[in-house]
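So, here come the structures, one by one.
Each of the next two complexes has chain A plus one other chain: chain B in the first, chain C in the second.
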Partner chain A sequence: MVIDEETMKVTQDTKITSYKLPLAILFALTFALALVSLVSAQGPTPTDDEVNRIAKQLYCPVCESTPLDVCPTEACRQWRDLIRTKLGEGQSEEQIKQYFVTQYGARVLAEPPNRFASYLVPAVAILLGVLFLARAFQMWMKPSITEAEAAANEAPPADPYIARLEEELKKQK
Partner chain B sequence: MTESTIPAPRRGVPLWAQVIVWTLLVGLLVIVAMGLRRAQQGTVQPGQTIDNFTLPLYSGYQIDGKSEIHFEDLRGKVVVINFWASWCKPCEQEAAEMQQAWAEYEPTGEVVFLGVDYVDTEPEARVYLKKFGITFANGPDLATRISQYFRIKGVPETYFVDKEGVLQYVQVGPFTSIDQIRAQIDPLLK
Partner chain C sequence: MIANFGFGVLVVSFLVTLYSVFAAIYGERTKNAAMVESARRAMLLTWPLLTLTSGILIYLLVNNHYEVQFVYEVTSRSMPTYLKITAWWGGQSGSLLFWSWLMSAFASLVTLRKWDRDREFLPWVIVVACVTMAFFIGMNVFFENPFAQVYQTFEGINAYTFQPADSVLFTPADGRGLNPLLRHPGMVIHPPMLYLGFVSFVIPYAFAIAALITGRTDDRWIRLTRRWTLWAWLFLSFGLVLGGRWAYDVLGWGGYWGWDPVEIAAFMPWLTGTAFLHSVMIQEKRGMLKHWNMLLVILTYDLVIFGTFLTRSGVLSSVHSFAQSAIGPLFFVFIGFTLITSVALIIYRWKELKSETEMTSMLSREALFLLNNLLFMSILVVCFWGVIYPLISELFTGAKVTVGPPFYERATSPLFAALLFLMGVAPLSAWGHSTVKTLGRVMWKPIIGAVLVTIVLFFTYTQKVTALLAFFIIAMTILVTIYEYWRGAAARQRSQGENILTAFWNLTGRNRRRYGGYIIHLSMMLMAVGILGIEMFQKETQGTLAAGQSLNIAGYEVRYKEIASWDNPGAGVNYTRSVVDIYEDGEYLGQLTPRIDYYFDSQQTMTIPGNRSTLRDDLYILLVDWEPATASGATFKIYVNPLVNWLWFGSILFLAGVIIAAWPEKEADRVSVKARSRVQQPSAAD
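On to the complex of A and B.
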């Protein structure tokens, strides 16, 4: 059997092509798999709403009294970017807030960390104040009416003329 | 008629209640006064001995092989404490001068520069440090403890501490030339 050179070349090319195709598919699949795992590790890009949901619970010490979600300064923009990065890494809201507390102190939180203690002291102080005022008013009001009347009734008039006059008035009643 | 001549006896608030109210009131006033005093105090003043503080350094920065600096370990050296932030434009004005000064004094072994990064994010801080080629020790002011201690009013601010740990000079705002920095360090080396 005589095989000419042209036929041999075509056969070799076909062999090479037949090797190349599965190899290319394998590479493509490996690359796609790697890409998918990378994307799933990073998570989807967080939206502005997701970033702002955390940002509005934080205050940057540089711009006091302005929540982070609406603060226009460069420092706050960086903080928002950091929140976005950490959300992208898959960190939870609590983890991100804790990171900011560790880095910048508890004063960055809009809500105090220990709510019970933070609200208890002013609540008790207000309650004590209200009780004190109520008691004080009660004491100030009562004596001025009852004791004054009692004193008036019990105390004998100093002037006999007035005493007689009051006696007469009582009779007329 | 009788009522007007005989005053009604007044029963006051119980003594214990008065004591509590006055104590609370005085306590509140003391707290307010302390707050106002602190607000008006300004930065730490020259002549004051600086207390110990800890500065963790960004990775890649070290002093004598340590990645965490305790200020008291630097006793015997002149310490230049520079507060900065990557979002601070005036800080950029002096960044090159600070690095230049550090390069000049580092070989003496008698001066230490500490960069305290105030309310910053690490990625942005690293970009800043790389941009200006800053090689002296730098780290974040965790929980703003150091800046609160120095009562800084903003950034940049630079504090010059002598070999005994006593603050000698405070620069509020950026340096405009390296001569200004030299003028503060050289007298402390004598």
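On to the complex of A and C.
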């Protein structure tokens, strides 16, 4: 009986254990998942280099011409801290840049957002320069070709000896 | 009292320049030589007058006359005397006076030359120089008086040229002090160099305008001003390099060039000036491009004024501050006036400026020089657009934008690469005529050499395609230049029986312009190596360290040792100096001491890097931050800047090259058109 009780107990314990195990695994998994999502939300503390990689592409409206990663002012230091926080929250580079654009306007970016407009004018101007030069070359070359043809008709003797002779003869005249 | 005297002398200088302008015009119109001579002497008087004015300003600066607003703004009692003197160009009104003073020195120098054959140019050179001077002195007299004094009135404390009624002179106990960034030796020399470059470009412009007005449109004006142009170019180039070095040493961002509008303002006249230096050779040798050369020198002049305008008018910070600025709109009007008048003169003389010969080959030296001009102008277009785009955007859309380094780097790098390539090819092409065959014959050896160099670099240094391409172009151009030099020296060695070193020396001496040019090209290549190194291979890292901890980068280990902070009351500075040990692959290299200086008077800091510089790279360390309470931790930013030293070596070689090219040499003054048209044979002779 004792044995039976013992057996029962063991069996019950086994049953309980057999219930407990998946539960524990489930709990552990849930906890792990929660932890992972928590960690991914906060992330490991971003390094200075990660912050600077984004800060390098931004300019604060006050410190003109000084990229954010090297600007020594207090305001820029706060911006860098903000980038660090946002990186820690798991935001992407684009999201962070967009945040600053929304807050302070497109001037925070190192380049105008409308890249087409900013490159179009110099590209067209340079192209016009190329066309102008090509046209000028064309105009210059035309008369010279005619001249060259005319010169070819009365081309001096190719032999340098004869050329020298001609020269000597001219001198004698 | 003494400030009032200074202002009085300034007003007299202004009146004298005006007199000079009118006397020169009147003398020329009435063919009254005495009147022109009077204008010349009046012009010669401007330099002593402006020297006196400047001397008075320096006296006030050195002797702490803080009742003078300018003195109050740029000096303080703790500044050493030499810095108080250089504070002359440390602020707006002083720097405008400095501009005028340099201009008067150059104008005087040019009028002291013998004018025998060129007397017809004289009145117009005086007019242009004096109009420019009158404009700048006028700015000082009417808007930016460096002698304005601070008075206390019922309305408050303000600066006035003349003492207002019911006021007392107000003398602050100490000045605000010069911006610490401007206290660096590089910054002490950089502005004068830049300004020297700026004002000396006025001289070729003055001669060009004189040539246009008098109708003497042959290349006499170019020959007369060639050396001026070269010196102007030297000063401007050196000013730019010094500015770069200054930025590298004190701005604390690990670089030397940030495509800042102020930098670009000085770079733009350099671009047109360099194009001009090349294209005048076409006019001298072939009698071509007369319109173009005129246009280039006019553009250079107006870009010089535009550069000063950009930095002085406040237009860069906002179009609105430009509108509020007293001098901004005036600059704008002056640029418009000079540009329109000058271009109108070109149109007036259009027919007389016709080319004497025609282009005969697409690969001739003149054709390649034109390509060079196209590239310089293209870079100018990019720079100009980059500077004005934010203003246009603000004006038309109300939205401010930033045009920063990515735009300029992307847009100009192919243009610069093409320029480097041209530098390799053009010296080998001949005036008048060249073919692929003739070029190929002299180029194949340097090209093979460059390919070998590139292969070696591929296996030992980098696999980046763009970098390898750039290294190939640089190697080719260096080898071409050295090969050309060597060919010349070898020929001389054979014909004159000299040893090779004497042959090199004599070769350079006989044709300074050509071989000076080669040395300049070589120096540009060295600079290109430095620029390529920092642009393509720069590495950086940042971290906060406790004592004994390290940061690792590119094989270096930077170990933080200690930090100390102390005041130097005499100099008015607090120093925070950190000490770091440097190791490379475990081997101890030495110590560096990056520091931060805080200036009490101006309440500004300056970040001084610790820099270990070798031919291979610079280890450049900045102290970004530290814990003042415990001094236990400090944040460092570390850059490894490969090859950057070549940039500075290149600039020293550049200086040597320009001095050689500009050194006076005996030469035939005139080359007749007939002689020019005879230069049709394929020859690389310069």
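FYI, the second predicted complex is superposed on the first by the 88 of 173 C-alpha atoms of A that agree within 3 Å, B and C clash if a C-alpha of one lies under 4 Å from a C-alpha of the other, contacts with A are read in each partner's own complex, and residues count from 1 in each chain.
One rule holds in what follows: contacts are C-beta pairs under 8 Å (C-beta built on N, C-alpha and C of every residue); 3 or more make two chains touch, one makes a residue touch a chain.
All values reported here derive from a predicted model rather than from experimental measurement.
Touch criterion met: A:125 reaches chain B and chain C at once.
Of the two partner chains, chain B is the only one that A:75 touches; chain C does not reach it.
Of the two partner chains placed by superposition, only chain C is touched by A:49; chain B is not. Of the two partner chains placed around the shared chain by superposition, chain C is the only one that A:64 touches, whereas chain B remains out of contact.
Applying the stated contact rule after C-alpha superposition, one finds that A:102 touches chain B and leaves chain C untouched.
Of the two partner chains placed by the overlay, only chain B lies in contact with A:135; chain C stays clear of it.
In the superposition on chain A, the residues of chain A contacted by chain B and by chain C overlap at 61, 105-107, 125, 136, 140, 143-144, 147-148.
Those residues of chain C that touch chain A in the shared complex are 252-254, 258, 260-262, 316-317, 358-360, 362, 367, 370-371, 374, 377-378, 381-382, 385, 389-390, 393, 399-407, 411, 540-544, 605, 607, 624, 635, 637. Across the interface of their complex, chain B is touched by residues 60-62, 73-75, 78-79, 81-82, 85, 101-107, 125, 128, 132, 135-136, 139-140, 142-144, 147-149, 151-152, 155, 157, 162, 166 of chain A.
Considering their complex, residues 47-49, 52, 59, 61, 64-67, 70, 72, 105-113, 118-119, 121-122, 125-126, 129-130, 133, 136-137, 140-141, 143-144, 147-148 of chain A touch chain C. Interface of chain B with chain A (complex): residues 1-3, 6, 8-13, 17, 20-21, 24, 85-87, 119-121, 123-124, 140, 142-145.
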